Structures are given as structure tokens and as C-alpha cells.
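Here come two complexes built around chain A, the first alongside chain B, the second alongside chain C.
Up next is the complex of A and B:
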């Protein structure tokens, strides 16, 4: 039995039990009573996926620390829990005990608002990814025909929070971090969007699930290798990890836009950072490597998606640890003079493919 | 775009996730120490006492990049309806899109040639 129907029937029963009578009225094709029940069911699933994604973030931070320590010839976290695996939980308790500092010069409302704007889109982005084809646990959480558009919108909203946080701190380092963040965002967002438009052209749909289904024969990395590279670079820049960590470059600007954030507010920025790493890995795997499609039908699709995403997570971590930083003018040159023309060529190629051999996809 | 229950769930989640975050922040605020000294709420400048103003002059090149970004962003947004149905719209629509992009690229190449798309004189 589907988990979706299961929770639905429980909630329906609760509503019936409380004598809440449903108005016999159609809104969006659904009778209003069932419509409310389905919306609540969707919300419950959103919260389940939110909790699971936070678990994934905790695992990713642990892997990052151990991997970084390994490459730098250190031991890494090894005191809290077995092999230091509870280190991040201890860090959360440490952050909770820190003083909640807001600079007296800062713009208080915007300063407090920024972590929400950064974190909420990241948490919601996980909901829109098709996680699998398992019928017993229908993990395509929210499946409506415009999921990719919402996904890209969430990924573009999140850096705005960094800019707001940097500008509202009224600190010199934060200001320069925010300005660099804005310059970097406009450098990669246009090529990123054109790459996504190319994927939509080949799949012929705005739904992430249809894009996965369109890759059952050929993953889009083969016809769109240019678009894949553009999107991949854009994703590295989007997470602002080296070589494109200009907004928060530790040795020049103290910590960029997050200089003034301390305690749990900084913790939320940190979680959003790693959440973005996981989210972008899932997005690249979904758009270009076929998502949950895999060779053996008896293996659940979630397994294949996690493997494909894990490859990208390791590449991102390696890029973070091993590479140096480029200058801002070098990055803007890359974004405007190389990635943009490449992505436009890719757009024309995919439109030509869709018009000539579109039946393959 | 008709409103489905799943979109409603997403809209509810946009409210619920910030509530979870604010609860986390409220717990942190409850347990945090509240000691204030003379310089506690000053801006952080590597441990020194804060000096000067926070404002900085912007390079003019910034505006050129932002204008180029707005033009490209809006214009490629206009391609999204075409992108969903390329096969049905056929070759004629494709030629129109090529013309559309060519006009854009003409302006972009002009800006590059005139040196507007240059952050500083070092690249």
C-alpha cells in the first residue's frame, strides 16, 4: 500500500473523527475536503523529506571533515561517539550555547531575515527531486508539471539571502562579500538557466519526473556534454566553494557575508551550505545522469540516484579541498565570455536534436 | 496553472520550514549567555576596535554587468514557453529563436568589443 494513501486515510479518519464536514465544492479539480486532506498529506511528506535531508547534511559534514583530514594527513574528529560520528551533534549543542550577537550598527530586520531566506529554499528544493520509482514508498514527494521551474527558482532565491545578510551587517568585509556574491551570481545564473532550458527542450516537459523518464535510453550528458559542463561549473559557483569561493574567501574577507553571524544563525548558514552541496548533486544527477533510472529493475531507483549524487558530492568535496581560488575578474570572464556562448551553442544543438531525432528521447 | 493540493503543500511548507528554523533560533537564544561589555555589539574587524564607515565605492563596471544580466535573464525567460514544446512548434519557431538569440548576441559582442564586459584592466 502506498505511503501516500496510508497517511491520507489516517488523516481523513482524524478529520472524520473530529466531525469536520467537507464542503462539496470543486477547487482545482479536487473536492475541497479531499483537497485539504491531500494538502496536509503533502505537508507531512515535505516534513519527512526535510528531516531526511537534514540527516543527509549531517552525514555529509562528517564525511567532509574526515575526508579533508585524510587528505591533509590529519585524523579529524575522533572523540565524540564512535569514530567521531556524533561530532556535528556536539557542534549543534555548542552553537546553541553561544551568545546571540547582533551588531549595533546592523539593519536588524534584514540581518535576522537573511538566514531564513538562505535556508528555506534549500530545504524545499529536496522536496521537488524525484527520489525513486518504488511503489511501496512513493518518494516523488511533490509531483506537479512545473517542478524544474520551482527547483531553479529556489536555487536562485537562496543566494539573495547571502547578499541581504552581507549588506545588512554594515561591516566592510560583509559588504565586499555581498558585492562579490552578487557579481558572481549574475556571472553564472544566465548560463545555468540556458542549460536547464536545453534540458527542458530535449525532455519536452517542465517536470523533473518526465525529465528522468526521458533519459531512460540515453542520459542527457551524452547529447548535452557542453551543457553538462556549464551546469557543473555553475553549480560549483552556486555553492561558493573553491575555486569559486569569492564571496566568502577566508584569507581576504574574513568570512564574507557571514562575518557578523555567530552562534546558531551561523549554524543555519553552515547547514544551508552543505544542504546546497547535497541538493546540487541531486539536481545534476537528475538533469544529466538519468536520476533514478538504473539498469536493473529489481533495485530501487533511490539506490541509483544516491550513487549518482554521491559521485558529485565527492567531486565537490575534492574541489573544495584541493583547488585554489580564482580572481573575481577571472571568474566573470569565465562566466560571460566562455560559459555563456557555450551554453547558447548547447541550446541550439539540443533544439536541432529535438527537431530532427526527437523521438529518441 | 491550476492550483493542485501538492502546490498547496509546497506553499504551506514555505511557512512551516521558517517556523522550524525560528524555533531552533529561539532555543539557541534561550540558552545563550547574555553578557554585554563596551565593545560587544561592535562590528567584527579581526579583533581591533571598529574604525571608519562601512560604505565602499562601487566600480562603474558593476552596473554594466548588472544591465547585461537583466537583459539576458529576461530574454531567456521568454524562451521557456517555446522550450516546453519544441517538436510541435517546428522549424519556423526554431528559426525565430535563432534570430532572437542573434540580436541578443550582437549587442553582447558589441559590449565586449567596446570593453564594457571587463571587470578591471588586468584580465
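Up next is the complex of A and C:
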């Protein structure tokens, strides 16, 4: 049973309980009542996914702070709530109360719009991920062909917001951050797209759900080790976490494009950062580790997907805490001289596999 | 159908803003919105592939290129 029809049946149950007849509400022969019901159900679905993903982000921030403190021989947040678990909510209230400063020379329209351009794709991306199932309830929100293309498209929109935010601040550090952000985007986006294309060739479909189903025998990390390697590096660069945190490097550029942002506008950038960490771990788990497919059919698919994504989240956090930063020319060398040829080799390998033993996968 | 008309009118508005804006960064900003709007029109016409490719090519490559060249221009940096 789809999530859509599950919520629709709940809605009709509530309406029947309240003695409201929704269906025969016609307007010139068009079943407007049904359309309104579908719109409400779609809205509820999206709100549920958004709320759950934001809950995931909150948990991720808490885990990050505790883990970082643990590795640095500190205790971490421990005052607000049990084991400091409400610290993030306190932080959000602090950010909301803070004065929202806009520099007098800043470009006001672009400065205000930039955080939303960064944040909206994260919220949209979670809708496209196949979350598997809980017993008979299928948790896929949107199931149409070309889901993977839309995931990649959403990942590509958000760096524009970073560049616009950095440019509109009229600040030298922010300008450097935006410049590096643009260079870094061009550096990793091309290898990332080529490695995604090789996954699409091997699975024979653009739909994320079909790609997961194509990995029922053998996950794509085994035939496409190179592609996984390239995509993983590109995802670290996408989130701009160390060792590739060049656009927002805290020690040299004073957090780059978000230098001038304060209050809740900075909070939106922060949420988008952690949201992308969660989203990219889900995407890597879906494309290369078999998503919701698992060895035991009696364990729900959502559980497998969460475990696989959690492994990547911990790896990303460890990379954030433990590694140093590369220089911008070193990163561009890595992107254009190593990742791009590796991804092209991987594309050739996967094309050969698809032509010879493609049906076996 | 009504949705398509609304998106179309929004698209015309974004195009006029993008072409008529004196500020280079604002032009790039409205161009981004225009691209996403055209992609939404394709999406609601159930042509998903073109919609995704529209965002990938125009928002991913063209607008990034335009923003990079805006960064290089003195006219934007010296403006108030």
C-alpha cells in the first residue's frame, strides 16, 4: 500500500466520522472535491517527510557535537535536557532571538534570497529518495521515472545560493568564498555526473527505485569501485566539509560566503549543511549499497536504508573532525586530473559490463 | 491547466526582471528563478526528462558561468 493511499484513507475516515461528504462536490462536471482531497494528501505527505528529515538533521547535529567532544576529550553539551539532548533547540531559540544584521552596503534582495536557494533543494531532495517499506506500507513518496536526475539537479542548484550569498555581501572574505565555491563546483560536478551516468547505464533505468531493485543480487559498489570512490569524494566536496571545506574555511576566510550572515539566516545555512550531509548519505546508500534491499525479508526496508546511511554519516563526521584542509589548487588538480579520468574509465567499464553480463545484475 | 498559466505568467515576469535589471547579480538571480520556472512547466506537462535536463544544463552550467563572470567584472564590485 502506498503512503498516498494510506493518508487518503485516513482523510476519508476522518471526513466520514465528521459526516462530511467530500466526493460529490462538483463544479461544472469536474470532480473538484477529489482534487482538493489529493492536494491535501500530497501536502500532508510532503510535510511528514520534511518533518522527519528535519528531525534527522537535529539528531545528526547532536551526534556530531557529542562525537566531536568525545574525540577531543571533552564532554560536549550536557546541561540542557538529559545528556544535553535539548541543546540544539536552545541554540535555535538563541538564533531566532538574535538581531538579524544586514550590512549597509549589501545587495539586499540577493542577500535575503540566498539562504532559501541553498535550503529549498535539501527539503525537496528528501521527497525523491525511496525509503523502502514498513511491513505493507510503501514509503516511496514520489515514484516516477528520472528520479535520480532530479536528485542530481537539486544538488546542483544549491551552490548557486552559496555563490549569490557570498557575492551580495560585498565583503572581501565572502567574495573569496564565493570564488572558491564556484571553482570547486565546476571541479567536482562533472566527475559526479559521469559516475551517476555509469550507475544509470548499469541499472538500465533513471528511477531510484529501479536502481535499488537492480542491486538485489549484488550491490553496485562491487562492479563500480572507481565510480563509488569518485562519487564519495564528490559528495564530501558537495557538503564542503574537511578536507574539502574551501568555500567556508573557518581559519583563513572566516567562514567564507556566510561571514556576513547572522541570526536565523545563518541558521538556515547551518541546517542546509547538515541536511545535505543526511541527504548525500541517503543518496550514496541508494546508488551504491543497494538502498532498502537487505538480506532478511522480514526486517523492513527502511531499517536497512537507515543503517547504510548511518554508516556514511559517521564516515562524513569522522572526515569533518579528523582531517585537515587541502589547498584550492590541490583540490582542482584532484578534480580535473584524477577524478575525471577515473570516472571516465569507470563509465567504460560499466558500459562493457552492461553489454556483456548486464542482465545478470 | 490554471497552474500552467500561473507558471507561464511568473516566467514572463522573471524574464522581464532578468533582462531589465541594471544590477548584474540580480539578472543572474532572476535567470535562476526563470530556469526553475520553465523546468516546473515541463514537469507539469509530464515531460520529466526535459525538466531535469533543463535544471542540470541551465542552472548547473550556464548560471554558474554567468555568476563567475559577474564576479570578475569591476562594475558589480564597485557598485554601491
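A few comments on the model shown:
One rule holds in what follows: the second predicted complex is superposed on the first by the 321 of 361 C-alpha atoms of A that agree within 3 Å, B and C clash if a C-alpha of one lies under 4 Å from a C-alpha of the other, contacts with A are read in each partner's own complex, and residues count from 1 in each chain.
Convention: contacts are C-beta pairs under 8 Å (C-beta built on N, C-alpha and C of every residue); 3 or more make two chains touch, one makes a residue touch a chain.
Fair warning: this is a prediction, and the values are worked out from it, not measured in the lab.
When the shared chain is aligned, chain B and chain C each come close enough to touch A:105.
By the touch criterion defined above, A:189 reaches both chain B and chain C.
Of the two partner chains, neither chain B nor chain C is touched by A:283.
By the touch criterion defined above, A:259 lies against chain B but remains apart from chain C after alignment on the C-alpha atoms of chain A.
With both structures placed on the common chain, the touch criterion links A:160 to chain C but leaves chain B unconnected. In the superposition on chain A, contact of A:150 is made with both chain B and chain C. Touch criterion met: A:175 reaches chain B and chain C at once.
Chain A is touched at more residues by one of its partners, and among chain B and chain C that partner is B. By the document's definition of touching, neither partner reaches A:56: not chain B, not chain C.
Comparing which residues of chain A touch chain B with which touch chain C, the overlap comprises 105, 144, 146, 149-150, 170, 175, 179, 182, 186, 189, 193, 206. Only residues 105, 107, 109-110, 113, 117, 144-146, 149-150, 152-154, 156-157, 159-160, 163-164, 167-168, 170, 175, 178-179, 182, 185-186, 189, 193, 206 of chain A touch chain C when the two sit together in their complex.
Partner chain B is touched in their complex by these residues of chain A: 27-30, 34-35, 38-43, 45-47, 50, 95-106, 115-116, 119-120, 123-124, 127, 142-144, 146, 149-150, 169-173, 175-176, 179, 182-183, 186-187, 189-190, 193-194, 197-198, 200-201, 204-206, 254, 259-260, 263-265, 267-268, 327-330, 332-333, 336-337, 340-341, 344, 347-348, 351-352, 354-355, 358. For chain B in complex with chain A, the residues that touch the partner chain are 1-10, 12-14, 16-18, 20-22, 24-25, 27-29, 31-35, 40-46, 52, 54-56, 58, 62, 65-66, 68-69, 72-73, 76-77, 79-80, 83-87, 90-91, 94, 97-98, 101, 105, 108, 112, 117-120, 122-123.
Looking at the complex, you find that chain C touches chain A at residues 23, 25-26, 28-29, 32, 36, 39, 48-49, 51-53, 55-56, 59-60, 63-64, 67-68, 70-71, 76-77, 80.
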